[in-house]
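You will see two complexes here that share chain A, one where it goes with chain B and one where it goes with chain C.
Let's turn to the complex of A and B:
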């Protein structure tokens, strides 16, 4: 059996779990190719126009999966106790039925950590019946899935590049190699504290920051000009510490991670600037972005928000990015300048 | 006299206007041109250069060139620029040179509007409008045309208003239908225009100026600063005087010229990459084609001068981009040229 797994939305955070799960059950997983123009266009046509960009991209990826026996669209209600995923995750798969090509069945299962591990196992076992797998198989698959997920999360904490890690996992799902991520050395070393280059933190949902096509390769462009820190690079303990100051707990899982990491970046003197990547129609970002912007202002940290939508012209993004980098650079030079005379003699020569 | 006709050239090619300035080494302005782009940036730049040549003659020397605006890359390719900078940096540099005390810049252009917060002459924060073009010059142009009044009379008429009407400024489509309702009710033209100015300013401050610490002195620049109605609406809303600098309409180009001066001036013996004042007479052509190398089908644009390719862009993977020597990413040029040759 071959299951199609779209390379969008939940793929970016939870693929390792599902890859491990299906690997253990001896089910082949096929992922759609990285987003390209056609995928985007197909996605835009097939879903409600007032949903968000990542969901539209997901709809495109569903259609890009061919030669599969079924498409897997889990309903990821919650991945951690006391939190929820964004409501749009909860509407999957029903909200995307219009995008599924005729004749291909959809496989789905509800994953809700709010109800605890026992309930999840139960739900997975019911799901297993559809796949023709017994209780013991599911139990084993669940354990392996969790193992892979943990390895994946640990590796990003250690500075692993997302693309590298996911490539390793995909190789395994295709039956090419055995999982041995822990023995490999990270190819992109963790950001050095002594670097001369600018250090910019890019915060936002993983399915936007790592979505090269949708974000017009923002991450790649940024890496050309600066060292980039991401939400995934921040250790869980640090995220948790930076959430303590809030008067009320955030109950969206992604929002918690983004805010905790973002707050750390805002307060970290080694970070020269913070960019928040969001998209139109994102409900959780509308709260978290505003909150983080206020913290950034208090700390006088250069901060910029970029809102993505379906546009393909890159001029707007490039202008904002260049202007932000310029601002951070010139500000750094200016702040580092201490005149022996107590004030600038020639402030005009260093204008801006 | 020696050094008499040496200039720095600043070019700002925006969606609506193309501005060209010539700056003397002593920071005074020799020439400022404000041309309408009219969707043909290449021809407009060439016209501008022709015009300049007729004014300053062939003996003039261009010591450095800076380009900015949404077509800065195109302008840089055509002219051979020493500096290619985004509009925000250019505007900020120009304003802080004109008046080092400036703390806030309000800039409203043809297709975008921005706010720049300066502290001690350094940009501390900025914001640009999102994809919506409501509250920009194009919208005012459009409404003036609909009402049948020249855009130049828009502001003076708005100033005559006695009781500005309330107009929904959130979205230009809503604003337009609201204006039509008000007209049909019989409100005077000047009251409606003043209401529109207020709505636009409110929209600007709520969107672009959201959460920004707006302190004086405030500069108001960009094409829309020509409209005294908008300026007054800003002053009322902010409760502070708003200064429109002398060269408000070419501040971006002025900033680009200053940046060129900064760059060329800093390196001793550095020669400008300027390709010469004869550019007005040569033949430039832009061609575009769709690459079918992968599923992205990028639309690649190629700029040619007399049949010779100057630059290509628009591809996501970079296999077509022969960036000119003025390109922002010139670190990867050699690599790309090699790839193409292989």
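Let's turn to the complex of A and C:
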């Protein structure tokens, strides 16, 4: 049996779990190719235009998955106790049925960590019946999935590279190599002389920052000009400590990661500037961005918000990026002259 | 302490009653208007949804009347509304308004914390018995308000002068606002019924038995409850001779959201998830599931059309909107989706509503005027 897994949205954070899960069940997983123009265009045609870019891209990827026996679209309600994913995750797969090519069945299962591990196992076992797998198999698959996911998450941290990590996993799922989990741990970060390079933090949803086509290769462009720190480079403990200042806990898992990491970047003197990557119509970002922008202003950290949508003119993006980097660069040079007392006398009139 | 709160349709009547019966000073902000929205939009994040912008506008307008404490309900997601209280507090603080924000929700699930917040608002003089009595009375009022609203929905297409109907509605709201006894609330509802009956007798017999079109309104709760936000869609449809029903009424929301399902409200929303099941088996936050369920229910009850309305970028409703075409196909009922934001204009909305109603009317008459070949050919000869 061949199952199609679209390379969009939940792929970027949760693919290792599902890859491990299906690997253990001996089901072949096929992922769609990286986003290209046709995928994007197909996606735009098939979903409601009010929805956000990542969902439109997902719809395109679903259509790109022909020659599979079924398409797998899990309903990822929650991946952590006391949080939710975005409501649009909760509406999958029903909201995307229009995009599924005729004749290909959709497989789905609800994953809700709010209800605890036992409920998830139960749901997965019901799902397993559809695949013709027994309880013991599912239990084993779940454990392996968890293991892979944990490896994947632990491998994040400084020097983590999404492409590299995911390539390892895909190799395993294609059966090219034997599963060697040790390869998943990152190689020691290359020691580079980075003293004079700028360090820019790029925060945003994983399915935007790593979506090269959708984000006009923002990450790549940024890497050429500066050292880039991502949300995934921040250790979980650090994210958690940086969330403590909030009077009310955030209830979206993604938003927590983004805000926690963003808050760390904003306070980190080594980071020269923060870019928030969002997409038009993102509900969680409209709140989190506002919170983070406030903190950035308090800390006098250069901060820019970029909103993506499906219109693909790259000149505007490039100009903004260049202007931002120029600004950060100049600021860095001039800050060498700040008086020895440490603080500007008039810190509110930030003339630079 | 002077308490204020955001507007949501008729909710102010209920909230005012609640605080006044507890002898807490309360400021009702001026009703939602263009100015409210402008003031709010200036401070809000641009991609926030419209209710947030109106809320902020309400608070700013209430400042002039000495309000210093905001009461708002909360939630734990995944709809954005759950985080409104906190983000509004920060925005207002940075803009220089010295507001204290009390979010009525169990903080981290602790009911004791909620009790503490209620106690903070109610002061030390009110006993718990009194608080519960006040809550009950406010709830009764909200049910009565919904009853009146529903009567008006039915009256609008049937009574001759639409302006008189609106006047009656306003008068009824005023009466309910002012009365502080259960009897008074009941009397008002009866009075509205009587007045409608009287006026109906003036109608000629030939007019009286005309059956108006029926349209079900579904969507995001704030938008459908608040006539300013929905650009007066119900009144407008009533004027076009359409009987309107709505998926959620205020007391239904109060019953499920604030009393956690202990009270059913005027129109219970409990049956909706069951109706939605074939199309959307899982809740999606906000009232997305209820929207789909209500669409199915309206379709089954033979409504002529359904209108979904929600603020731009509302996450749960977008999910619902992507499922609704299937309902439309299965039940052969036209569903129109309207999206509102701070740029929505009256005229654009009106045109779309008129077009929709025209379409429904034509569909209704079609069986009577059967076309055959001869008919079509004779058109040219006439």
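Here, the second predicted complex is superposed on the first by the 324 of 352 C-alpha atoms of A that agree within 3 Å, B and C clash if a C-alpha of one lies under 4 Å from a C-alpha of the other, contacts with A are read in each partner's own complex, and residues count from 1 in each chain.
By definition in this document, a contact is a pair of C-beta atoms (placed from the backbone, for glycine too) under 8 Å apart; a residue touches a chain by one contact, two chains touch by 3 or more.
Owing to the predicted nature of the structure, the values given are computational and were not obtained by experimental measurement.
**Student:** Looking at the combined model built on chain A, do chain B and chain C fit side by side or clash?
**Tutor:** Here chain B and chain C can both sit on chain A without a clash.
**Student:** Between the C-alpha centres of chain B and chain C, what angle is opened at the C-alpha centre of chain A, expressed to the nearest 10°?
**Tutor:** About 80 degrees between chain B and chain C, seen from chain A.
**Student:** Which partner does A:110 reach: the first (chain B), the second (chain C), both, or neither?
**Tutor:** A:110 sits against chain C, while chain B stays out of touch.
**Student:** Who does A:302 touch here: chain B (first), chain C (second), both, or neither?
**Tutor:** Once the two structures are laid over each other on A, A:302 reaches chain B alone.
**Student:** Answer with first, second, both or neither: which of chain B and chain C does A:97 touch in the superposed model?
**Tutor:** second
**Student:** So, does A:88 touch the first partner chain B, the second partner chain C, both, or neither?
**Tutor:** In the superposed model, A:88 contacts chain C only, not chain B.
**Student:** If we overlay the two complexes on their shared chain A, which of chain B and chain C does A:252 touch? Say first, second, both or neither.
**Tutor:** A:252: touches chain C, not chain B.
**Student:** Using the touch definition from the top, say if A:224 reaches chain B (first), chain C (second), both or neither.
**Tutor:** The first partner, chain B, only.
**Student:** Minimum Cα separation, chain B versus chain C, post-superposition (Å)?
**Tutor:** 5
**Student:** Which chain A residues are contacted by chain C in one complex and by chain B in the other?
**Tutor:** 294, 307
**Student:** What residues on chain A touch chain C, complex-wise?
**Tutor:** Within the complex, chain A contacts chain C at residues 47-48, 50-51, 75, 77, 82-88, 90-91, 94-98, 110, 246-252, 278, 280-287, 289-291, 294, 307.
**Student:** Sort out for me which residues of chain C touch chain A in the complex.
**Tutor:** 45, 47-49, 74, 76-80, 82-83, 85-87, 89-91, 94, 103, 107-108, 279-286, 288, 312-316, 318-323, 325-326, 339
**Student:** Can you list the residues on chain B that touch chain A in the complex?
**Tutor:** Touching chain A from chain B are residues 70, 85-89, 92-93, 96-97, 100, 118, 120-126, 128, 130-131, 211, 258, 262, 294-298, 316, 328-329.
**Student:** Which of the residues in chain A end up touching chain B in this complex?
**Tutor:** Going through chain A, the ones touching chain B are 33, 36-39, 213, 217, 224, 293-294, 297, 300, 302-304, 307, 309, 311, 315-316, 318-320, 322-324, 326-327, 330-331, 334, 347-352.
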